[in-house]
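What follows is a single structure, and I will ask about it in a moment.
Chain lettering (A, B, C and D) follows the sequence in which the chains are written, and residue indices restart at 1 in each chain.
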Amino acid sequence: MYIVYLIVYGLILTAVLGLVASWIDRKITARIQYRKGPPFFQPWIDIVKLLGKETIIPSGASKAVFIITPLLGFGSVVMVSTLLWANNNLLFNSFLGDIIVVIYLLAIPSIAIMIGGFASGNPLGRIGASREMKLLLGYELPFILAILVPIIKSGFALKLADILSFQAQNGAFALQASGILALVAAVLCIQAKLGLVPFDIAEAETEIIAGPMVEYSGAPLAVFRLTKNMLLFTLPFFLIILFLGGFNFDGIHILYSVLKYIAILLIITVIRNTNPRLRIDQAMRFFWGPVTGIAVVAVVLAVIGW
Amino acid sequence: MSLKLRALLKSPWVFHLSTGSCNNCDIEVLDCLTPRYDIERFGMLLAPSIKHADVLLITGSCNRKSVIRLKRLYEQAPQPCLVVAIGECSMSRGMFIHSYNCPVPLDKIIPVNAYIPGCPPKPEAIIMGAVKLIQKVKGTL
Amino acid sequence: MARSVIPIGPYHPLQEEPEFFTLTVDGETVVDIEVNLGYNHRGIEKLSERKTFDQSTFVIERICGICSTSHPFAYTRAVEDVIPVEVPERAKYIRTIIAEGERIHSHLLWLGLAGHFLGYNTVYMWVWKLREEILDVMEILSGNRNNYAMFKPGGVRRDIKEEDIPVVMRKIDSIIPTIDRLKKAILDDPVLHVRLKGIGVLTKEEAINYCAVGPTSRASGVARDVRKDAPYGAYDRVEWDMIVTEHGDVFDKAVVRILETYESIKIVKTCLQNLPGGDIDLNIKDIPPGEGIGAHEAPRGEVFHYVRSDGTNRPARHKVRAPSYMNIPTCQATVIGETISDATIILAAVDPCYCCTERMAVRDSKGARLYDTKELIRLSQQKTERIKRKMGIK
Amino acid sequence: MTREDVLKGLQERFRDDIIDLYDRSHKRVYMEIIPDALPRVAMYIFRDLGARFNIASGTDTRTHMEILYHFSLEEINLIISLRVKLDREKPAIASIAKLIIGANWIEREMYELLGIQFIGHPDLRRLLLADEWPRGVYPLRTDYEEWDKSAVRDRGV
């Protein structure tokens, strides 16, 4: 039963919603720039085209690692989305401490990009991968602090199911003061985890060509892009479960959950279009300075009880 | 026509390559991305690295030093890859045919699929060239 | 941290033309830079010796796309300096209008690209959308978006029709509010301040030593502008002021260019308003033997043409010096010590126009034979091993 | 610092170096000097008069090889061109690249396109031409003829 669940919810549904999310993101970016954006099926066609292209493995690269890393990232995203869907629909009682598993699984895609960058043997890839590592160190701390808040508020429950049921009884965490602060910090962190403009220092197109992705072509590149698109759906979904009480699909609530998701996606796209790319040291200072500050204040407020 | 080719025609990622051009054509290629002519509605994106490229937009009268790079990059581009020559210089080296540093025209170096005349060709001409290229590959030209 | 060599170019999304910078990097800071061009060399000086004086204006125009009227302007002034002859009034005004129109669209182009280099694509799209208006104006005046072919030794090839002037004035007035909004959006953006201020500083002494020209030197406090010092065309009949700032960093270069756009709009409007009558061409028949020097303030700096004629109708020698020829070496002074992510915007701050400077030289001592990107990368890896071993031994 | 002071200063200081001073118009002065006086005169114009080194242009006339160093004085709107004549077979002259950084590149270009040797240049190497360009063939010389047999010169139409 779990396998069916894994395939249907984790893989297919997330991939579909991820590609739709990436289309929305590109369309809004184009509209902000007075342009007419790409057609609806564009992300699908990109993936199919890339799968059809020839895969070139550079001679300087270590072949096995070069091919496997994209699958590593893809697998972790599929598992995360299955866990989230399973908890959200309360189909079965997940194990204790599944939040910690989700946090680790969410870190694996960026680690996969890093390994891919180093494996490609291209100095630009190496520089891109080392930047990705610095960025990871930057946003991981405030991200975990922000996730602590819902855990504390729901009485130190380390299970997603408990957090969801707690929110179902007495209102989403985002309504209280500490919830809002934590949500703000978390949104900024997933902006960096997704590698969108203010923090896309790893694949800074105009500086180090495509960073870790410079040597990828054909199928591995398609898998990497699919992972990125699915992350674009999974991360906001994770935040919605933690702060906004997750999706439920009976009657009017369908509209609410869609609105919640669109809201977070809009915030991410607007941030992406309104400021230039930061340097790696500025980004690190930004994450360890103000964002960690907000997260710590949120945790303190949560402990006090607001 | 295979699904792979039909997908390629729907989302051709463009890689811009200048071999000694006066960068008028290069600016017109970048103009195609801007709001008035936006080619992203056809699914075309500017590919950052040669490994992501599907269509090679070549401008400039191939001077000796660039030709070495041009051949290498053409080998690196993953097949199936189309080549478009933009502007007079890349079609027949235009005004620089007698230059000591531009010995051989482009189509004697690599096979070219589409030629877009003009010095510089207007963005509308470049988009028309792209449409004709797609029709040619589809066989309906 | 071992030093690694980062090749930027020759084919890189940063620039539209192929130029090849090899940055030797220690961690993230640039330690050494090697400029290697010649990818745009088309031997234009040899070509113009084959063409007659009138034909070679068309070759000269295709030296560079964005300053495609600066080179003919300087070239025609050089030919007129050989004969010593004065161009009729109306031709002077038309020449100034076309030159300033090109300065506006060239500065807007650089502003858009600077936004693109910083990953700020919204600015890139807005500014280039605005630039389309100026290209429409140039199309009305001269028939083509660039490569206007308006200049001729001794005057101008085509006249500006009376009924076009109100249309052009309306179009120019329509872009001023958008430029104001853009100026506010760009100059007051805190993130841009953080990103652009204080990096790639070119001090005044360095600007003088490197003989930098144009906005690059004016941003470092060197008050030199050919239009002010040696007035020609209609520049002395229109009051406008030269923009000079002191800090010399990338932000100041942006400020100088934006404010110069306002000055150019002012010049174009006043020239269009009081456009004198009279003929537009001297119909030069023969050019006596002699030498002539012509200079013009192109968007990137002073363009210098030297023509020597030996009495026949073909130039005996034609020397072209583009502004970037003097500005690009300043990257030695500005890029070393900065991080990679800043290096790209500093290299672009000089607004390099590589097709003009196809006579660039390699600055570094090592003359290793350079191959293509893949081999360059392998070459740079070997170089890194050599550096590591050398570092290890030392 | 008017135009007359500049010219008088030049004539007194380098009386025996100047071969002839052709005062063409109030904006242009052509001054022919003997080749080995070039560094001194260039230093004086660049440092003391505060002129800007504009460019140097090499020309291959049938009889001799000639280089013109153009300095522009913006304040008084004057361009001083130092003319130096060298013999055509083995042209060589002292390099001013160490004194004026801007001159480094133009000297490399003249070395490569005209074959002029610059003694004392920090790194005199080939630059623009491709590596397969044969040594000793200088494109800007008047007696240059096509060496590349595979070049296609007709439009094939």
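We adopt the following convention: a residue touches a chain if its C-beta (ideal position, glycine included) is under 8 Å from a C-beta of that chain, and two chains touch if they have at least 3 such contacts.
None of the values given here were measured: they were computed from a predicted structure.
The fewest steps needed to get from subunit A to subunit D, moving only between touching chains, is 2. In terms of the distance between Cα centroids, subunit A is separated most widely from D.
Averaging Cα coordinates per chain places subunit A and subunit B 36 Å apart.
In this assembly, the C-alpha centroid of subunit B lies 40 Å from the C-alpha centroid of subunit D. One simple way to say how far apart two chains are is to compare their mean CA positions; for subunit B and subunit C this gives 25 Å.
If you average the Cα atoms of subunit A and of subunit C, the two centres end up 43 Å apart. Shown for subunit C are the residues in touch with two or more other chains, namely 13, 38, 41, 43, 46, 125, 129, 358, 374.
Residues of subunit D found to touch two or more other chains are 128-130, 139, 144.
Residue positions of subunit B with contacts to 2 or more other chains are 34-35, 48, 63, 65, 68, 76, 98, 100-101. All chain pairs that count as touching, in label order, are A-B, A-C, B-C, B-D, C-D. Residues 128-130, 132-133, 139, 144, 146, 148, 150-153, 155-156 of subunit D touch subunit B in their complex.
Listing the residues of subunit B that touch subunit A in their complex gives 2-5, 7-8, 10-11, 34-35, 38, 40-41, 43, 48-49, 51-52, 54, 76, 78-80. Interface residues of subunit B, counted against subunit D in their complex, comprise 63-65, 68, 92, 97-98, 100-101, 103-105, 108. On subunit C, the positions that touch subunit B within their shared complex are 10-11, 13, 16-18, 38-44, 46-47, 50, 58-59, 62-66, 68, 109, 124-125, 128-129, 131-132, 145-147, 353-355, 358, 371-375.
Within the complex formed with subunit C, the subunit B residues making contact are 16-31, 34-36, 46, 48, 50, 60-61, 63, 65-66, 68-69, 71-73, 76, 94-96, 98-102, 119-120, 122.
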